[in-house]
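In what follows, subunit A forms one complex with subunit B and a second complex with subunit C.
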Partner chain A sequence: MSIDLSSMADMIFDWNKMGIVFALLGAVLAALLGGIGSAIGVGMTGQAAAGVVTEDPGKFGKVLVLQLLPGTQGIYGLLIGFITLTQIGILGGNPEMSLAKGLLYLAACLPMAIVGLISAKWQAKASVSSISLVAKKPDQFGKAMIFPAMVETYAVLALLISILSIFSIAGLPV
Partner chain B sequence: MAVLEMKRIEICALKNQRKKILEFLQRQGAVEINIPETAEELFGKTDTTSARLAFEKSSQTTASAVTVLDGIVPPEKGLPKMLAGRQAITAEQYEKTAQEASSLSKKAAHILLLDKKIADSQAEVLRLEAQIEALNPWLGLDVSMRTKGTQSTSVFIGTFPEALTEGQLKERLAAALPEISCVEAEVVSTQAQQTCVFVVCYGEYGMQVENALRSMGFTYPATPSKLPPPQRVEELQKRIETAKKEEAAAQEEIASYKDLRQDLLFASDYYAMRADKYQVLGELWQSPRTFFVSGYIPAEDSAALQRRLEEEYHAFVEIQTPEEGEDLPVKLKNGFFAAPVEGVVEGYSLPAKGEVDPSAVMCVFYYVLFGMMLSDAAYGILIALGCGIVLLKFKNIEESLRKSLRMFFFCGISTTFWGVMFGSYFGDAIPVIARTFFGTEITIPALWFVPLDNPMKLMLFSFLLGIIHLFTGLAVQLYQLVKRKKYADALYDVGFWYFLVGGLIIFLLSTDMFHNMMSLSFQFPAIVGNIAVVFAAIGAVGIIATSGRESRNPGKRILKGLYGLYNVSGYLSDILSYSRLLALGLATGVIATVFNQMGSMLGGGVVGGIFFTLVFVIGHGMNLAINLLGAYVHTNRLQYVEFFGKFYEGGGRKFQPFAAKTKYFKITEEK
Partner chain C sequence: MSDDYIYAVARVRSRELNLFNRQDLDQLMACRTYEECLRVLQDKGWGSGSVLSANELLVQEEEKTWAFIRELTGDLSPFDVLLYPIDYNNLKAAIKSVITGVEPHQVFLPGGSIAPELLQKAARESDYSALPEEMAAAAEEAGRTLLETGDGQLCDLVLDKACLLGILRRGKESKNELLAQYAELTVAIANIKIAVRACKTQKNRAFLDAALAPCATLDTEALASAACKSLEEMFAYLAVTNYAEAGERLKESYSAFEKWCDDKVMELVKGQKMNPFTVGPLFAYVIARQREIAVVRIILSGKLNELDDGMIRERLRELYV
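Up next, the complex of A and B:
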């Protein structure tokens, strides 16, 4: 007697009801990974900034700006998470959706989640170098700010793709 | 859009006018001193290093005297230095107070001396207190600690490194010296790790007892006092009192100088200025009766300065147009609207020789892009109000800070404008408050559209702004090339790119695919698209043909041309980069919405109201701070990388005039 695996699975849970689970997983991942990346990043830059302030408290304002630069990925992650939550009906509305749609939301959240995590870390490294640049040459602050901002471009692009995907999914016939 | 024209100024005058002229130049602050390295044999230089160092030292002395004074008599809490700015004094006041400078400098030295006395007294008190601490275990002893005995007795005063009772001590002594009976031992005090004892015996047993004691761990005190300990402590306490009195007296004397604070600060500035003056004095070329100084001066200031130097100081002044190849300093001058972004230009680099000052072109874009990234009317009003009030209320702020504040004021206005366009006031605070607390539905409709409802539209608009921004950058490059009469370069480096990029964009707008993808409301007819393709092709061919024009080898030239054409991908990424306008704009709005929603979680009523206010203030404060930073950084990036990349290199040297670089006072010239 052969056992049909899919019907076994159906007996345990209903695949068609899993859509919302994957959608929420996406929303949570975006906030989670973006937040982790930014926390690591701002932590790294904070250490470097504190070192500079030990020597010269007058540079606090400048190094603070540089410290906060890798903090945006966490905010973008929050943004994507929140938009997804409103779109999938978790914050009031109808949370029913097909499995395909749920997976689509998960996929849509991934650019922000993954790029957010990795870019925050690398942006922090650029930022740490910029902090030491400002420590030695405070008048080069304008340029020092640009190097980490370059890394952030890719977080912004990921954010863009995630946003556009999330907004388009609702209208798809799946 | 102006880099000020620089002239070379040469001043020759009689030596007896030397100091007056230098002081005049310093007060005017219009000339950057630049003295040729060689001169005719007749001229020589004076070494002023030692005088300059003495002045620098006096400047430091007076400034640190004020620091000491502030430590003892804290100055009245006034405005932060940044807002209050430097106090203005007239040239006459300057002359008057300058005469008192040397007596002030003496007083400053005296204050520093008093401060040293205070430090010494404090150290003395600490030392004496430590001594008293060490004597504490011995307070029960009423003879000198140096007592060695009488004619017929030996006395041992010292410690054991453990806690012992008198009984234990006597038992051990008895065990160590069974044959000697007349040993009297007394415990003065006992602590956990130390027992202070007084042992007396017949003089003849002295050696034996001492050896026995030593074998038990007995040691003499390190610093035995000559007087009996209680008396010694009393004496030490008297000395502490004296030291404290001295300290108080010194403090009082310093405090009596509190009215001199302003004068001392002035003296510090005065000496700093004199140090600067002597620095220049050391660079002058001097003959026995005359001296010679030269430098750079903005052309617009030169005539007035020349007239005053000639009339008031009988100097010979010559204003010349600098020669080609001279390293001229750069000073920017812009109007009310553009001057604030000069700081941003300077943050990148000042314009090099022959480059235009980008401030005027840039400022409009700067304000617009900044506003779009923040795009919340309420935030914008807060920023504009904050900067506006500070600007109106504190007239004395330093010029550079004033410019930054004005920049953020304009940015705030632009933010308000975009916030109204996109219908965002603290995010969706108004409908949320109306719903939660008043049970009604109020919404302020967006003047244009709500970005969250139609992000595609905003993205396309961002790209459009980006294209305008980039093409403006190219236009500035065109202007620069035409101004230098490089017409061919203008066509090759700018014209062809306009053809190629512009043609491609128009072609894209005429295709069905793009039309459907972006759901545009208009579409160029196919014929326009075809014409655009022709233009793009002309551009592409032109670029391939001319990009490698400095190579003579035709094969290399074509290869370089193809590589030049590859730069079109750079334009693509440049344009895509403007999508950050959408991303950051949405970020502000969505985070504001999150906080509003969090605040309304407890519903209406008093508790809900308090909770909402709390979340509202903290949440929006944080959101404003973070997004303000984001908008600032990314606006700068778009200007520096995308915009400046099209035409601007920079590398100019900042104009640094010989001026009164004072920290506390500003000397105003009487007119």
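Up next, the complex of A and C:
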């Protein structure tokens, strides 16, 4: 008796119902990778900040701001994840969608997920350098803030493109 | 891993604010007497608060530096390139004191990676197995040489070369560019110093071959050949290497050359001011503190001996900040 493997796969996976799975995967990845990036980043900057405060507790306020800069990617990831969950009907509504739409949501979440992870780590390196700068020249705090803030630009651009995509997908005829 | 030193580097950056700069040196130079110099140093936080001699004050500052580094990192192996000369000096003292039967008195340097007591015990029992492998092999050879020939210089030769090769090896093993460059520079400078002294004292080729430690930036064969002929030949050889300026300074005077050597090391470590990661900034801080202490020692001894300010200033080395 011959076995038709493709029919068996179709029986296990109903591809038309997999849309919501991919959409949820996108939401999870945005929160997950952004969160991982920020955790690594804030951890690195926290070590540098603690080093400076050990020697000079008066610089706590300044280094705290610099420590928190790589933390925004985690928040952006959470935001994208939350918006996606709302849009795809998991947080109330109808979670039914086509496979194509699910994949579109996944694609829409990827800019924030990937850029969030990478930019948080690089922003942390810039922040650690700025913390060293503040340790030696506290009067240059304003300038020290700008260097890691530049990296934030690309996380914001990724956030923007993810948000625009997620809100636009609902109206697409797929 | 570079990230392991983030906390340590941040603390070092803060501590660097307390390093002496030109203005601090000018303030010390402006002191009229040696005692006034000591007071200024104590006002700046040097020493432990009680009245100390200059030597005690400087020893305490060196100890403070290492205590700070030990607080920052439990692994002092990246600093082996700095500690090996102390260890090998103490090893020489231990071997010589045991073989000659002279009681060692103030010959051991503090701050090495191996306790002098352990070195003495190893030398007494002729069992060097507790020491690192290469050090143990060199110690055995040096002890045997001293016993067979009774020549302390030959014993020193064996240990000095082992020390230089050890520094080179530790520099390479560290996988840190600064440490590798520092090791290379230290060994190259030591080779030049050996060659100059050998040339002036007319040592033979065999001595030079035994003393020079092969390194990447100097051809020790060519250096030894030149040193066997004349100083001019040596300067001509140095002129075609990375150490052309060393030859120029040697033509001026040996103290000008020594100042150049110290300034060259400082030039190398100054790059770490822009590096917020790796062990490099910690290493640079130790060098900076050692240099600061050396400069203060020069000023203090100048003041003690009532030397002219101009004479003191020309001996002052480049500082980190």
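Note that the second predicted complex is superposed on the first by the 168 of 174 C-alpha atoms of A that agree within 3 Å, B and C clash if a C-alpha of one lies under 4 Å from a C-alpha of the other, contacts with A are read in each partner's own complex, and residues count from 1 in each chain.
Here, a contact is a pair of C-beta atoms (placed from the backbone, for glycine too) under 8 Å apart; a residue touches a chain by one contact, two chains touch by 3 or more.
The model shown is predicted, which means the values in this text are computed figures rather than measured ones.
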| request: Between subunit B and subunit C, point out the one touching more subunit A residues. | output: B
| said: According to the stated criteria, A:Gly51 is in contact with first (subunit B), second (subunit C), both, or neither; which is it? | reply: second
| Touching A:Met150, do we find subunit B (first), subunit C (second), both, or neither? | first
| message | By the touch definition at the top of the document, which applies to A:Ser132: first (subunit B), second (subunit C), both, or neither? | response | second
| query | So, does A:Asn16 touch the first partner subunit B, the second partner subunit C, both, or neither? | reply | neither
| Touching residues on subunit B, where the partner in the complex is subunit A | 344, 346-348, 452, 455-456, 459, 576-577, 579-580, 582-584, 586-587, 590-591, 593-594, 597, 626, 629-630, 633-634, 636-637, 640-641
| field | For the subunit A and subunit B complex, residues of the former touching the latter | value | 65, 68-69, 71-72, 75-76, 78-79, 82-83, 91, 141-143, 145-146, 149-150, 152-153, 156-157, 159-160, 163-164, 167
| subunit A contact footprint on subunit C (complex, rising order) | 3, 6-11, 13-17, 276-277
| subunit C touches which residues of subunit A in the complex? | 44, 47-52, 54-56, 125, 128-129, 131-132, 135-136
